[in-house]
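Could you have a look at this structure, given as structure tokens, before my questions?
Note that the chains take the letters A, B and C in the order they are written out, and that residue 1 is the start of every chain.
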Amino acid sequence: MNDITSLTLTQTISALKDKQFSEEELNNAYLEKIDALNPKLNIFLEVKKNTRGIPAAIKDVIITKNIKTTASSKILSNFIPQYNATVIGKLLENGVSVIGKTNHDEFAMGGSGENSAFGVTKNPWDFSKVPGGSSSGSAAAVCADLCTFALGSDTGGSIRQPSSFCGIVGLKPTYGRVSRYGLIAMASSLDQIGPMTKSVEDTALVLDWISGADGYDSNVSSEKFKVQSSKLNEGIKGLKIGVPKEYFGEGLDPKVEKVIKEALKKLEELGGEVAEISLPHSQYALAAYYIIVPSEVSSNMARYDGIRYGKGRENIGAEVKRRIMLGTYSLSSGYWDDYYAKAAKVRTLVKRDFEKAFEKVDVVVGPVSPTTAWNLGEKVNDPLKMYLSDIYTISANLAGIPGLSIPCGFSEGLPVGLQILGKQWDEETILTVGYAFEQATQWHMEKPKL
Amino acid sequence: MAYGETQAMTKYEPVIGLEVHVELNTKSKMFCRCSADYFGKEPNTHTCPVCLGLPGALPYTNQQAIDDCIKIGLALNCKISEKSLFERKNYFYPDLPKGYQISQYRWPLTVNGWIEVEGREEIRRIRINRAHQEEDTGKLTHHGGSTLIDFNRSGVPLVEIVTEPDFESVEEIRDYSKKLQQLFRYLGVSNADMERGDMRLEANVSVKREGESELPKYRVELKNINSFRFMVAAVDYEIKRQIEALEIGERLSQETRGWDEDKKCTYLQRSKEEAHDYRYFPEPDLPPFFLDPKKIKEIKNSLPELPWNRAKRYQTKLGIKKNDAQHGRKHKIIPQEIANYLINKKSDINTLLPTQIIEEILDKRVGVIENEEELEKMAKEAMTENPTAVDDFVKGKQQAIQVLIGAVMRRTQGKADAKRAREILEKLLK
Amino acid sequence: MKLTKDQVKHVAKLANLPVTEEEEEKYSEQLSKILDYIDQLNQVDTSDVEPTFNVSGQTNVQSEDKLGVCLPQDDALSNAPKKENGFFVTKGVFDNE
């Protein structure tokens, strides 16, 4: 083998087992590559020169003990945590080490990576494009082979959309599958940590490692996710695949639509039974989302007062400020019924849409994003336009269901991601679909020339 | 009763509601497992990511605190809500590490209760709006031009008991506060020591013209008052101040006032312009509580007979007068004891004074447990159960021993000699 | 729904956010635009719909009342910009909450 860094996580583990290379060689290979590429891509905010462990890149909203954790914000630019997030503890127990902390939109708020206080991460496929966000650095790191896998967080698409833009595999697990203890909160009722990897199999393995109750996050299910490789191999013959008509309307780039339609054809070839379904309240999901998120943000951001850690509130960036303002307004006296409570009711309807759909189908499939990666700077001055690019991903967060993004083709040289949504707690089925697609296609093998 | 009787023209009635905060004596804090026993400890030694509000930390509810809140609610005749949520109360203050307090607003654990209080003339019901669960804040000390913060108290469980504006006199306030204090100690949920801040009172005071049905448009909050006596004085003062103000045509407004004990007057702390907007919403980090009626019943059955119910029973069943009943209540004599006494002595109830019966029972009870070893064992248990009291005593706070004596008496159901218990405790504490 | 500059100022105060006059202008415009978009929720009939605040499906999650490990004082204070004798320090506040 010529390049250690091109191996998937599962391949790396078996190569280590077969003593094809040592953990030190593995780490050095990645560190060399980081040295060469990070200055161009601006992926890592912090790099740890380990000699042991399987190197993982961690989004910098995830707390790492004694390793600076900034949330890509000036306000936490000097914060060295006193504890580890649950997921970090679990990774360490499985022989993983933190090779670095990745850049992202400040406090995970944004869809392009451009809201970082420490500069934008470039898309490895095209340096003039955004890598997607908010888990921009984690997606770019996996894409550019600067880690064996990465962790991201997803509140409205922040794992799936950059995974789609960078051509990697990303999973937002069911809400409550993975402990959020140590995830710097954005919108607590929607946030989930998830794997960002080079293959579907890797995602299943990482989810196995990081899931399960910890006695710290009250919302976590005691049932741990356990990957059954036999199940992944089962294929999708007879599996019912729902395609929501609402995800193929106005706003979807026809070139992206074409790639998605081809992917659907592929799933049919593999034995899936594709049928159109309806998620009638999809059109209201974004509006509900933009009440719930800022409201929770305004409260979650209140702890940053510069007394116990961090700097003063004047160090909060523009998008975060905007959401604090919007959320403070929508929660303020007299607006409860019109905003938060109203949005929570619409959330019920969005959730019910999925429950109804899943009475008829096993998974729901569609695009991750209406477009491929856009130009740097293109949407920075129009927050609403930026928000609209989350239109297909936010529903899964509102409903709490799992969503997977897998590479399914290219449009004008840029990756397109296929989104596979599943029932609550049923990551297994969406991973099975993803795995079957991956086995039958080569898209996940495509790498940018760097 | 009416205030302002000297004025010939108008008579006024006070409208008073009380908010009582009581700190629970659980081992660990409300939402983390740091020790809740913070009193007198080195600053910031009882903290963790959760109660320091570090980024990424999450709350995890203490079951004992929830049970204690339900006990208090049940004792105050509250309904236990089928569904209850924690909510965030958002405001900025340096003692509030998360920038919000986890509290309850729209979905409290217990609601709509009542308690009987004695005023100047009659016994009346005060309606309880709610008894809900929340967490305490850190402690500020002002030092020179700066403020020092200790977060040991941050996250200690609190129950807040809110009444409707039903009080008509300061006597009722005094009786209510004392009854609650007694209740907390009876239930064993708090030491309810006012001076230490285990129990805190706030009053909402306004006045209206006598006979007017509508509530006044304003109310004055009296806060940070750390004794029954001062609270009574502050409310008394405030009623007079408000009547005088209304008499000269002033408009009263929403504000928060404190009590200046030296000058014996209330003073302005916060005016309406600075009124809070707490932006409550359900705490997303904590899933809802659905309270199982079976469990509620279990808790209800486990409650001791409440002091005022016991007193009432003496009065009605045994024909004991109020003061005697209270006498019995004070000594925790249960009716069974009285019955046994009467049967054994074959006494004629008509020839004995109730006070006599109580005294004789007490005499008889004393010394029932003479076994030194047994007493010592109970004293030791009382000490392990009440580490705070032990600490305080060791630090020189003599009264703290009362808590321990109380605990021994509870364990022996009063069948120990309090003096002897004290001696043993003093010996053990040396 | 138009958010005035005065409302922006009030909200900024509630949120404890320093906002410049220029930002007031900007937020007034941007937030109004977002609120207009959000207004479409009024088209949805939610009269018989229960709100969803939590999608984890968990209920009654509680811990036994037992003691865990606290941070040593030095660790608790390790990120504090100002500390003194084991206390966090902030500029004087004298108004009582």
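Criterion: contacts are C-beta pairs under 8 Å (C-beta built on N, C-alpha and C of every residue); 3 or more make two chains touch, one makes a residue touch a chain.
It should be emphasised that the depicted structure is a prediction, and the values quoted were computed from it without experimental measurement.
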| message | Counting C-beta pairs in contact, which chain pair has more, A-B or A-C? | response | A-C
| Taking each chain's centre as the average of its Cα atoms, which is closest to the average over all protein Cα atoms shown? | C
| request: Round to the nearest whole Å and give the separation of the Cα centres of chain B and chain C. | output: 31
| note | Per the C-alpha centroid definition, the whole-Å distance linking chain A and chain B comes out as 48
| note | In whole angstrom, the CA-centroid distance of chain A from chain C equals 24
| task | Would you please write down the residue numbers of chain A that are in contact with two or more other chains? | result | 79, 82-83, 189, 215, 218-219, 298, 302, 305, 307-309, 328, 332
| task | Please set out, as single numbers or ranges, the residues of chain B touching at least two other chains. | result | 49, 52, 60-61, 92, 94, 99, 149, 151, 277, 279, 284, 286-287
| request: At least two other chains touched by the same residue of chain C: list those residues. | output: 14, 16, 53-54, 56-58, 61, 63, 71, 76, 88, 90
| message | Quick check on the complex: what are the chain C residues that touch chain A? | response | 3, 7-8, 11-12, 14-19, 23, 27, 30-31, 33-35, 37-44, 46, 49-58, 61, 63, 71, 75-76, 78-81, 88, 90
| query | Which of the residues in chain B end up touching chain C in this complex? | reply | 26-28, 32-35, 42-49, 52, 60-66, 85, 91-96, 99, 137, 140-142, 144-151, 223-224, 258, 269-270, 277, 279, 282, 284, 286-290
| request: Report the residues of chain A in contact with chain B in the complex, numbered from low to high. | output: 62-63, 69, 71, 76, 79, 81-83, 85, 180-185, 187-189, 215-219, 295-296, 298-299, 301-305, 307-309, 328, 331-333, 336, 340
| said: Residue numbers of chain B touching chain A in their complex, please. | reply: 49, 52-61, 88, 90, 92, 94, 97-100, 149, 151, 277, 279-281, 284-287
| For the complex, which residues does chain A have touching chain C? | 78-80, 82-83, 175-176, 189, 215, 218-221, 281, 283-284, 286-288, 290-291, 298, 302, 305-311, 313-314, 316, 321-322, 324-326, 328-329, 332, 339, 341-349, 351, 383-384, 387, 398-400, 424
